[in-house]
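For reference, the structure I am asking about is given below.
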Amino acid sequence: MVKDSNIKDTQTSNPFESVSSEIKLIAIDVDGVLTDGSIYLDDHGNQTKKFNSRDGMGIRLLQKYGFEIALISGSKSNSIKARGISLNINFIMTGVENKHVAINKIQKILNINPSQTIFLGDDINDLTVLPAVRMFLSPKNAHPACLGKANWIGKCEGGEGFFREFTDLFLFSLNINPYLEFESSST
Amino acid sequence: MVKDSNIKDTQTSNPFESVSSEIKLIAIDVDGVLTDGSIYLDDHGNQTKKFNSRDGMGIRLLQKYGFEIALISGSKSNSIKARGISLNINFIMTGVENKHVAINKIQKILNINPSQTIFLGDDINDLTVLPAVRMFLSPKNAHPACLGKANWIGKCEGGEGFFREFTDLFLFSLNINPYLEFESSST
Amino acid sequence: MVKDSNIKDTQTSNPFESVSSEIKLIAIDVDGVLTDGSIYLDDHGNQTKKFNSRDGMGIRLLQKYGFEIALISGSKSNSIKARGISLNINFIMTGVENKHVAINKIQKILNINPSQTIFLGDDINDLTVLPAVRMFLSPKNAHPACLGKANWIGKCEGGEGFFREFTDLFLFSLNINPYLEFESSST
Amino acid sequence: MVKDSNIKDTQTSNPFESVSSEIKLIAIDVDGVLTDGSIYLDDHGNQTKKFNSRDGMGIRLLQKYGFEIALISGSKSNSIKARGISLNINFIMTGVENKHVAINKIQKILNINPSQTIFLGDDINDLTVLPAVRMFLSPKNAHPACLGKANWIGKCEGGEGFFREFTDLFLFSLNINPYLEFESSST
């Protein structure tokens, strides 16, 4: 693990500064957060979702540094399972009606509590998780009701860099700069 | 149902204020309204359309509060049926040549009249419905001929938030704030 | 056919004014003109192209008023054939190596000459048609080499309204306003 | 081959001026460079990537003028192979864990060295190639860590014109103007 003591100084204020060291679980709504909300449907009812390779790298980095990832979606699409499996995500919950209940279930399995949990969501049904998480994060194009409740709002839109933006800031708050590693492995 | 008496005050003028309480049917053109007009065609002629998860939430909210939804499209694509079925929409009409006739058919079945109907459309073949509806609504990127006739023009483009924008304003005009519900169910 | 004598007055200058009455054939490159240039490829090599419903309406209107449409593409994708067939286009040429030769072939069949032909293209291989057509039209995001040669450059990008923008201007130059028709058929 | 001695004069400074004549290999990361990073996944786990027809023309032009092309991707998707095969690319490497090693392998086969190699990348795992290449090029929306190391940053985003932008500048630096050829073949 490469640590970079200079990173923090160049950040005027990192929203995860005082929180990140306690976090164990990063739970993610899918549509509108890891995607731009698009639901592609073909003539046979086969559904496609559009994920982003940079967000995938973000998830792999978080896993590398020990964080548990969960996908919690109201959608029943198997494309979510396909994405989760390809990224070795342990908790892939689809067709979820109450996300609060879903979060609690994962927290019991991991034996952690709300103060160790971050949730990323963009629509009103995500708001039910509020009492179960330490921070609620939203992309800049989230529904106004979410923007009003979010502890942090990204500069990026869902599916357009938002999750990676979070990952970079979050790891920086822990003094981790994964880029140094890739550079050093190249020399 | 959660009502919020403060909402109306913060809205300077809601275009659905004097209309919404009489509306029973919300009829929607698909291409360019629930989508951005994209028609994806593969090498086997299989067609895909791109819908949006936030619009889906909008349709579910309108249904929850008792409004009938209809999809009326000139396109014959089965992807429209797949979307309509997944959202429990009762009226899914595809390959429609004359949308005026289609609207009248639904109005007869529901025993309602034009003054109880809203239509959302974006292209010139949608203009035939004008005499059969109370309001004609268009996304900001609709064809100029539609923009010239529309009773309300959204700030959003078709498939990019337009339908949900309508839903939020429409429900607010009825003093309904569905977000309060999601918050309260979370505490 | 609905004619509207007032349209021309509101147009300061229509680029097709002196040309449109002589035109018989409208030949269209596909990638980057009827699409945004995207080539979707799946794990099985199945290709998808993204067309636009508004452009489809434009083609149907031009056909209605007697113009012959041709798709001339260097790509071999069957998705082009699927789109052409769904729009009843008579000339669908794919895998074309020399577009000049292709245009000449169609002109012979139709017994017309270059002065009766418009071509819409966006990339350098389209430039070979220049001596075979009356006008060469490009979307605003065409390759600079095409923009330098184009007789008219649309305000819209390829696949994002460009073809319909052309259609509307072209029909207006003939004093045809197809929207009046849709309105009148609705009363 | 059409050469245009006037081109260089109109370019204030071409970043490939002093380099291009020595280059033999142009190696390209795929996600985020030839695509916008989108990963489309359907209900059956079938993956689709979105390439661009203009970039395809760029690759064909570079091949025409004798440059070797390589695709080097961390992704295992067969869609990369489908794209590479359709463009007659000789080196198509997918599922690559260490891109530095991959580049070295190709350089040995071609019997060339780092000073004859250009790499185009957008994310942190691409940085490992730095010691193995002459120039590292990034699209304008690359990860900040790449932008900080890039020898040239395009005005275009990945998948949205970036590779063709590079191609045009690179060929111009060699006094090659492929557009003249297409024009002259048309007269």
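Labels for the chains are A, B, C and D, by order of writing; each one numbers its residues from 1.
Assume contacts are C-beta pairs under 8 Å (C-beta built on N, C-alpha and C of every residue); 3 or more make two chains touch, one makes a residue touch a chain.
These numbers were taken from a predicted model, which means no experiment stands behind them.
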Chain whose average C-alpha position is farthest from chain A's own: C
Centre-to-centre distance between chain C and chain B (centres being mean Cα positions), rounded to whole Å: 31
Averaged-CA centre spacing for the pair chain D and chain B, given as whole angstrom: 44
Touching two or more other chains - residue numbers and ranges from chain C: 40, 48
Topology of the chain contact graph, where touching chains are joined (line, ring, star, complete, other): ring
Residue ranges of chain D in contact with chain A within the complex: 31-32, 35, 37-45, 48, 75, 98, 100, 123-125, 127-132, 143-145, 149
Touching residues (chain side chain C, partner chain B) in the complex: 40, 46-54, 56-57, 77-79, 82-83, 85-86, 164, 168, 178-179, 182-183, 185-187
